[in-house]
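As written, the chain order gives the labels A, B, C and D, with residue 1 at the start of each chain.
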Amino acid sequence: MVGWTAFGPELYTCFVLGGVFLVFSLLPANPRRDYVTAMALAAVGLGISIAGLHLTGDLFADTYHVDLFSQIFKIMLALGLLLAIYLCEHLRGIAPRRHAETYLLLTVCTLAMMMMVSAVNLLTLYVALELSSYSLYVLVSFRQPRTGGVRTAVRYFLIGASASAVMLFGLALLYGSCGTLDAATLMTLLPAAMGRPEVITGLTLTLGGIFFKLALFPFHFWAPDVYEGAANPVAAYIATASKVAAIAVLIRLVALGGQNVLLARALAVIAVITMTAGNLTAIVQQDLKRMLAYSSIAQGGYVLIGILSMTPAGYASTTFYALVVLLLKFSCFFVLVKVAAGGRNVAIDDLAGLHSSSPILALLLMMALFALAGIPPTIGFTGKLLLFTAAVQRGYFVLVLIAMFNVVISLYYYLRVIHAAYLRKPPRALPALNLALRDRLLAGVLVTFTVAAGIFPAPLIALAEAAVRVLG
Amino acid sequence: MPIAYAGFPFLSAILLSCVIGLVTILFMPAAQHRRIKMVSAVCSGITLVISIYLFLAYDKSAGGLQFAERIAWVPSLGISYFNAADGFSLPMLLLTGIVFFTAVLTMWELETRVKEFFALVFLLVAGVFGLFMAQDLFFLFVWFDVSLFPMYLLIAVWGSTRKEYAAMKLTLYLLAGSALILPGIIYLVVKSGLSTFDMLALMQPGTFTPFQQKLAFLLFFIGFGILAGVWPLHTWSPVGHVAAPTAVSMIHAGVLMKIGAFGILRVGIYLCPLGWQYWAPLMALLATVGIVYGVFVGLAQTDLKYVIGYSSVSHMGIVGLGLSTLTIDGLNGAVFQMFAHGVMTALFFSSVGYIYDRTHTKAIAELGGLSHSMPRAASFMILAALAGIGVPCLASFWAELMVFIAAFKVYPLYGTLAVCALVVSALFMLRVVQRTCYGPPRSRYAQLPDVSFKLGIPRIILATVIITFGFFPSLMYTMIQTASLPLMGGLPW
Amino acid sequence: MTIYALLFYLLAAVILVSTAIAVTRRNLVHAAIFLVASFFASALLFYLLGAPLLAMLEIIVYVGAIMVLFLFVIMMLKEKPASNRPAARGRKLWTATLGLIYLLAVILLVFATGPRGQTPLTPAVASPAAFGRYLFQGHWLGIEIASLLLLIALIGVLHLGHTAARRTAAGIEEEK
Amino acid sequence: MINWIAGFIVLLIKSGLVLGILLLLASYLVWVERKLLARLQVRLGPNRAGKFGLLQPIADAIKLLTKEDIVPAAADRPIFLLAPAVVALTALLMFAVVPVGRDLVLFGRSIPMVISDINVALLMVFALSSLGVYGVALGGWASNSKFALIGGIRGAAQMVSYELPLGLSLVPVVMLAHSFSLVDIVNAQAAYPFILVQPLAFAIFVISAMAESKRIPFDLPEAENELGAGFHTEYSGMRFGLFFLGEYVHVQVLGALVSVFFLGGWRGPWLPGPAWLFVKITIVALIMIWVRGTLPRLRYDQLMAMCWKVLVPAALVNIVITGFVILI
């Protein structure tokens, strides 16, 4: 059956990955076995997702749409899962007997996100969103010491629950005024109906649930606490794959409304507040993960700029930027996990002397941060250029100016990190970090890719443009 | 504008030479200082040789863009790798080659983190070269940022006085500049409706409305102006000069600040001539204030490097004044001044750097009588100071002369003020020279070695260049003329 | 006003009032009971709108299961006498502002949309079979996802419960 | 309009009849239980009031009604007063959907022999039975006494847990009958009662139903050896009577439900419908009394383990098998 082939990556993730770890979680704990299996299976999963790039089809009574757009995001998600699992090698923040469950939850979360990017019925989308959120709540609560993890998870859950309540209310309004939650039908109905207040309120509130995932104002408060309170690989996963999925959904939802000025204005306001608040607060952070969290918030603001252009170019640039966020945030967390002794959190000052203890990590960190700040010739710059070009094409020149000044602010705290890594003397001489060859290799690949994709972005851009063409 | 495509990609060869140097150094063991320096010298030498060759090989009678090379890069966005050189960029390329080569030689004695130092310098210079030859806005901006970022580490790691503060301030200031330039570029590209970053295509008259030109020019003027040290956005510059290690100061003051002025010229003036015309009075005002301010603040300084730093502000003011006159003479003078000031200031910093390395002080009050203990070092410094004053038969004399002639025609008041300020600057430069090089010899400096032959090479090269172009200004003048005449002739007013 | 409209507004009023009482009670059990009343009225509202199945499910799931568990927990925790200290003023202000904004928005929405929504919801008596067919044919992916969601929630609850059990055990040992 | 009024009158009559019979039966069920238990324990049981003690229920009622109604000082008064009513009310209301016989034709008008035939009747039974929890839990809590509270908590946990197998065991029945309506379910058993095809579901249902009714061996909420009288320790007079009444009405309702779901309801040869139903209810009730007299009380963890580890999985397996068979 053709239909089931199109569902291949999800089926694999669900039954093979999920099934194996469901079984493992019932067996006695064996972290090594779990890690190796997870790596192998996730790598195969990535392969399957890549193989499924050109699948298309409508499944499940047209609530599920497989197209190039969704498949590209699924590849990114599979990659995010693989990378997040890669970081779990020692996984000291989580008790050994929870490791299998950790992989299970990561897998289920990825599965949920894959469904999010393909779901074209808003109800399915909502349930998938909830599934991914709940997996993350539980993952966050696994962090040791238990009390800390649980407290963070509860806080995360409370904000998440209110965001999803807001989203549900929005969905109710949309359904009430349009009589359907099917994306294709909404696409024909909404542009004409966008003048009606209940419709625009409904769409905005619906977006609220995504704002939570992407940590945009006013649902951004959770990010720093959760990043800080979650185990490092989990935080990495939240910062990478989770964002990618949220971006995909946001694109799909906003694309529903056609080109609506009112909505664009609302998004513009949110973008400005989000990035300014994120960047300004990041300056005073001492904990690296908190800083990364605020920087993620700010990145969310930039993402919004691309989306609110509401043009194919804007969506394409956002798609491109999703990859940028995925790779760069992962690079930062990769360094963080390797530096963090015993799986604890890392203060910016702890990076002192990184330059001498591990030059390759220091280089990776610097490249990632410069790229996040949008310095050429990195992939981050290309991403920002695309975003801003799309926005200026629609006349949001002032917004771009504000965003650029935010970039300058962000550079200040990125430089603080680089300063710590390259210039600060450690309080006592640090032993050289013994990185495995594969770690060094990965770091090298990441650095190379960051620069190379910045210099030769054409194929990636072409892919992103092809992806959004199917949005219609 | 006529374009002559190159048979051999000389311009890319310059960049490639930098990249090869960078990569080679990155893969060399950090302990092999001497080899790293050798590689640096060879690669920078190649860039110098190519840039000299290009300067001589440029067909002045044909004019226009020559040695062009072009590859489509991201076709969907209209980005192409497009390099070419004209009468404005060739002097800059030559300048960069000279300063780069001499800076590498000047740092021959460096011992700390040698590998990273030269790697970063190569990265920086690659950006500078790239910017001077880029004809595509995208690449121009990329090179612009590439040339800025190594500065942070270069100053923060190898610098001296308040280095971390200076590095952070410099980086943030310059990045704030690029925060204006990038939106400006995007704005122009989008508004042109051509969806191309190709400057030649965007340059066509009538592409932009007057309002668009005014807005974009303002963005470029401020954005690049920060880097060019335009008053009141110059404050990063003296601090940065002082904190930076010698070679970086040389590159920084000698080349990097020129990027700013060159950016205003290449992007602002070429693409937004109406904006240039509109904002010229403001440019003139700021430039004059900069000249006067630089001189008087320089008077009050007690630190040798601060003196040069503020004199740089003043000299870059002259460039700005030249650009703001909207005349051929002004343009010629401005570009000539960029070249002359680059070489002169590089010499100045390298001699001061030598003195600092030996005496471990930059305070004017603590120095004195150096001409007794190290006569060669003192003479390089005196030559640089004289060039800075604008003594005839040295390169900067001609540059300043042309600018002032043009300024007197267009802005008599500003011109007068600037000339008066220059007279004052002559006084204070001479005072500095007198305090440091003459006077009673200090016993504690008596035993210090003079500039050795090896360390003297870069300084001799710089001095030679200053004197050569002082005696034969037409070498430079005719070159610049090939670009400034068509520019002024093709303008819409 | 038809009798249905009358009943509708009556039930709506009951829901509003009982929910309002529920959120203002300091006694948690009382709050829970008023919430139960609110659910009850919602169920009746469903019934009124022609969805008896939903009405029953609302009672079984919300009243019969969820609220009982709430009550169970409240009773187990032996609810401490609520302190009479008023909440921090900042928090009060914040909450009040949000509430006011919401209220204003809703009022605006009500007046802006007019008495009837543009898409008339045709009242239909949905038989359980029809409802089931609609749900499981049109939305079965969503249901599968929801079942996964429950699995995940179960893992989370087990984890949390385990934590609590361990802590109590440790506490008892410490006391010894 | 006439139609409507007539229907309303018929409804009132039906409700009144059912209510009266139920209450009467409840009181005599108490008598039967006391007599039967006594016999099982080789005693006589009540035998002073009237012949064979037949007037004992009336004496008890008078006693309860005239006793002082004590509300403990520390009790939560409104809830304390409300709780017994909830128990009795939910038990009584469940009977509203139980069909007692074939449609009656009176004056050319067909009168269904059920108070209310709604298409989600089965769910309504569950809804009401889940509401019954509140009576127990709140009664226990509102008394503000340790024993009552423990009883209430036990009751809540037990009833919520056993609702699950109770509901799951009925899924096959619904699958077979294609309807939630009890009338339809009874009609579906015209050929044969479901007990023949669903013996496992029957067993699960009966066990869970007994647990729902909190009777021995599942009477932990009121285990007198440990808790005094559990959740109704503090109740006296008619409020206690309401709990008491609720329990016995519940027994009858369960008997009715067992017969409706598995024993063919009012269907049966020779006798009229209501009589068959009465017989079946009586048999179930007698069995429950018999069990009470025979089995010891479970431990609490055994109670829970049986629910979650035995009954629920068994019921799920049963559903799967039934579905499989139906599909084939």
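Convention: a residue touches a chain if its C-beta (ideal position, glycine included) is under 8 Å from a C-beta of that chain, and two chains touch if they have at least 3 such contacts.
Small disclaimer: the values here were computed from a predicted structure and weren't measured.
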- Closest chain to global C-alpha mean, per-chain Cα centroids: A
- Task: Please work out the Cα centroid separation of subunit B and subunit D, and write it as a whole number of Å.
- Result: 96
- Query: What whole-Å value do you get for the distance between subunit A and subunit C if each is reduced to the mean of its CA atoms?
  - Reply: 31
- Taking each chain's centre as its mean C-alpha position, how far apart are subunit A and subunit D in Å? 54
- Interchain centroid distance [CA atoms averaged], subunit B/subunit C, Å: 69
- Message: Output every touching chain pair, sorted by label.
- Response: A-B, A-C, C-D
- Taking the complex as given, what residues does subunit C use to touch subunit A? 105, 108-109, 112-113, 117-119, 121, 137-142, 145-146, 148-149, 151-153, 155-156, 159-160, 163
- Spell out the residues on subunit B that touch subunit A in their complex, using ranges where they run on. 73-77, 138, 141-142, 145-146, 149, 152-153, 156-157, 164, 168, 171-172, 175-176, 179-180, 182-183, 186-187, 189-190
- Message: For a test of understanding, state which residues of subunit A touch subunit C in their complex under the given definition.
- Response: 14, 59-61, 63-64, 98, 101, 104-105, 108, 111-112, 115, 119, 121, 123-124, 127-128, 130-131, 134-135, 137-138, 141-142, 146-147, 150, 153, 176-179, 193, 196-198, 201
- subunit C partner contacts - residues on subunit D that touch it in the complex: 76, 79, 118-120, 123-124, 126-127, 129-131, 133-134, 137-138, 140-141, 149, 152-153, 156-157, 160, 163, 178-180
- Query: Which positions of subunit C touch subunit D when the two form their complex?
  - Reply: 27, 29-30, 33, 36, 52-53, 55-57, 59-60, 63-65, 68-69, 71-72, 75-76, 127-129
